[in-house]
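Pasting a structure below so you can have a look.
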Amino acid sequence: MDIPDNLRYATSHEWATEPEDGVVTIGISDYAQDQLGDVVYVELPEVGRDVRAGDAVAVVESVKTASDIYAPVNGSVEAVNEALVDAPERINESPYGEGWLFRLRVRDPNELGELLDAAAYRQAATEEA
Amino acid sequence: MPYLPHSADDVRRALETIGVDSIDALFDELPSTLRNPDIDLPPAMDETTLMGHLRALAAKDVTAGPNFLGGGMRRHFIPAVTPALALQSEFVTAYTPYQPEVAQGVLQATFEFQTMMSELTGLDVANASMYDGATAVAEAALLAVRQTRRETVLVSRGVHPETRDVLATYLEALEIAVHTVDLEAGRTPPPGAVEDAACVIAQQPNHLGLLEDMGGLAEAAHAAGALFVAAVDPLSLAVLKPPGVYGADVAVGDGQVLGNPMAFGGPSFGFMVVRTALLRQLPGRLVGQTTDVDGKRAFVLTLQAREQHIRRSKAKSNICSNHQLTALMATVNMAALGPEGLREMAVGSVRQAHRLLERLRAAGAKPAVDAPFFNEFPLATRRPGGEVRSALAARGVQAGVPLGAEYGLGNAVLLCATELVTDRDIETLIDALRGSAELDGVAAHHG
Amino acid sequence: MAEPRETSFPSLFERSRAGRRAARPPRHDGPDLGGLLGEEQLRDAPPRLPEVSELDLVRHFTQLAHRQFSIDGNVYPLGSCTMKYNPKVHEEAARLFQDLHPYQAPETAQGTLQLLFELQRDLAALTGMEAVSLQPAAGAHGELTGILMIRAYHQARGEGAQRRVVIVPDGAHGTNPATASMAGYRVVEVRSDARGEVDLEAFRQALGPEVAAVMLTNPNTVGVFETHILEIARLAHEAGAQLYYDGANLNAIVGRVRPGDMGFDVVHLNLHKTFTTPHGGGGPGTGPIGVKAHLADFLPVPLVVREDDGYALSEDVPRSIGRIRSFYGNVGNLVRAYAYIRSLGLDGLRRVSGHAVLNANYLRVKMQEAGFTVPVERLNMHEFVAQPPDGVHTLDVAKALLDYGMHPMTVYFPLIVKEAMMVEPTETESLETLDAYAAALGEILARAAADPGYLEGAPYATPVRRLDEVTAARQPVLRYAFDDA
């Protein structure tokens, strides 16, 4: 399982970067994309939408499943990865890079501290597997 | 006992294998108070008795005689080759095609159905069918609500009253307001108050049989950011401008007239065809084309993540089944008739309906609304529509769908003709109307 | 998407040739369509429907039928689908009633109306309910109708705003939560216990004044009877909730147990399951509902009633939820179900459920002997859930079965069991058929152990093999593309 150290994680398998100019990037972990199988479609949130931590804001679909993606922190949607519309497989091929899902402008950067660090997430994911 | 294969020996062997003494013992875990209640059912009939019983019941129905009934279902020509092919037992006794390797028959036929409905309506993507036209309209409204996030729906009174009733039932549960746009001179005027509407719904031909300006209504809807939903008679599309051309976002309707017997109202099927942009909102099953591991073309249920078995509470609809077999009848029938045959049926229906009105005018009658119509029109009557229908039935003619008071036309019935109506049938109806005291004077019959 | 290397089986559009046709309707020539209808109403170009000769049409659909698995062809033990034999006499029966127009004067439809009335009565008797509507077009449609009635019931009692939740077990069929959402409710799932039944304690905790309804199937989706059903009903009613019965699994208990006696307030039946109306490749189904007296006022209209001078369709339902479809129901299939009930009688229907449960337990033992595990250790009812041995995937077993000319069981449902295989043979299969099925499965496991790659490449003998479902979803092609010819 690839779990980069520089990211924070939710138990629901989303990852988040540290804020850059108040904006964090969010995607799903390598473990999550492996569990889902080949991604066929992504439903992304509207830019500008206000979200609260725990809101289901996106959906990632494989042939046989549809998984809700939850906002790990409060914020507003700053950008979405439009490239995924035509190339959803990027989530499988590069879950931490080109497969990013959306960006949130966060109100309180401290909320990220409530997420798991890489070691804690590795443990949680291993237990689930 | 019919259909149950086991002999006493079979039952014994099975019980031994399982390790219980009796079939009843298999139900021991169930609370005893629930088991084997007295149920009052008629005694079992063997096949001979059964068919005799059913024939006696059927003898109490009347199906003979000229038929001018419309209002959403019609008697049309269905060639013998249609049921012979569609009702092959492999199609009748198949399940939903979840294992595509052994279901290419149903899957390919459905792909061909989707293609034909797309061609007829001029829109991009058809689903694999729904229960009927009325629920298809309701689901189209729900689609528009999801897509636009608005909470009102505008529907013309020209849409079939039963369809509007179903629409209200479905939307009321989600607290979506439905506003009815009244007709003016039998047609839908450009609606006001469209700004908050998720969609505008109109029917072509409308319930009175009259032709609407669908393009104008589409424009009005789009100008206010609403979707335009066209509820259409699919056979009329053999000659009429298709919804995709006049700007509909969604085309829905009932498919009975494309090749299914009427069967007292069902089963028929509903169809829904949408613009590509609305694909992800489409409810119901979808068949897609792909390749198999050897590179052969193959068909498969696809985009299933929209549906209930995957999305559960967040599915686009709770719909599980489609009306596969009746949609297949239509698929075979459309291919049996071809574009030329369908055109002939549509033209023949228009011709006979207009001939009927000509003869009625010659006998001194007038349509309740005098406007261009397809193959159905409203006729003002002296007595309430139901009474007229019964009087005609007593004279061996099935005609006169009563028109509701909501249309403000007083006593009136709908009269409809298809290519199966002969000139002689028309005279029979005229005579029957005259005999029922619904026509003034006695016009000479010009043969 | 990879271009098909071999388009071996032609599309109807590829068989099409300009100018060909098959059937000819009666013709009435001459009308000036533009004059009668208005030029602006007419289409410019005809629809590109196939132009084929009658023989080509016959060959196409006959060959397609040969590429289709069916009950008439071989065994089809899909769990919760009840793939029993569809009697041929039912087709003859349906033909007797297929020519009526729904808007005929009711006095000219007395035979059909009488049949529908009697069917309403018989279904009420079988389910232990007091009123029946034959309207819904499918099980899911029946569910929506029933839940909308429950909603109306709570509203009439002034508790509509308060009761916003529907409880379903975690093993529920997807239509249950989807239906609840369509009716405006939030869904709460309750877990199952080790015996495969609803966890009573979890259920008790989930109940409260915000719960409108509880939706259950009994026997449930792992094929076992909810033995605590009387207690569940008592608890639900005490909390002011209504109890909904999903009739998908009625084949296990038809004639022996009535949902009404179990305490259910609303029931839907799947006539295409228990009452053998044909599945048709995916539909049409038929999903009539039955209700207890306190819900009868909310039934959809119209109902078939008997009056002094005959049978009629009545809209006299004081607080009806309205119409849920056009016309009156899938009458063609209602006729078939009526014929079935008349053919079997009560004794026959009791034997149906008895043999359904017998066959399921028999096949379970045979499959266990062949190497499959059954996670819930108890006598099952009409169906059971099994799992392949570790390291073998359910999907691969299913694909390998196709090479034996048999249909796989339901796979990956219910979601609560890993690598689930849900098996329902039904009562119309002989023991030899079940033996052959188990033997095929045994052979498959043996080959999997000896040659693991074999299973992953199956099937080998079908007209097409493993399909690329990923590309089908990523780049949907949902109609024939004329331009690509």
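Read from first to last, the chains carry the letters A, B and C; within each, the first residue is number 1.
Note that a residue touches a chain if its C-beta (ideal position, glycine included) is under 8 Å from a C-beta of that chain, and two chains touch if they have at least 3 such contacts.
Here the structure is a predicted model, which is why all the values come from computation and not from measurement.
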Specify the chain with the shortest distance from its C-alpha centroid to the centroid of every protein C-alpha atom present. C
Interface with the most contact pairs, given as the two chains involved: B-C
Distance in whole angstrom between the CA centres of chain A and chain C is 37
Centroid of chain A to centroid of chain B, CA atoms only: how many Å? 45
Rounded to the nearest Å, the gap separating the Cα centres of chain B and chain C is 20
Which positions in chain C touch two or more other chains at once? 469, 472-473
Which positions in chain A are in touch with at least two other chains? 40-41, 61, 63-64
Chain B residues counted as touching two or more neighbouring chains: 303, 305, 310-311, 314
Help me check something: in the complex, which residues belonging to chain A touch chain B? 40-41, 43, 59, 61-66, 68
Which bits of chain B are touching chain A when the two form their complex? 280, 303-305, 310-311, 314
Under the stated contact criterion, what part of chain A meets chain C in this complex? 38, 40-41, 61, 63-64, 88-89
Write out the stretch or stretches of chain C touching chain A in their complex. 412, 469-470, 472-474
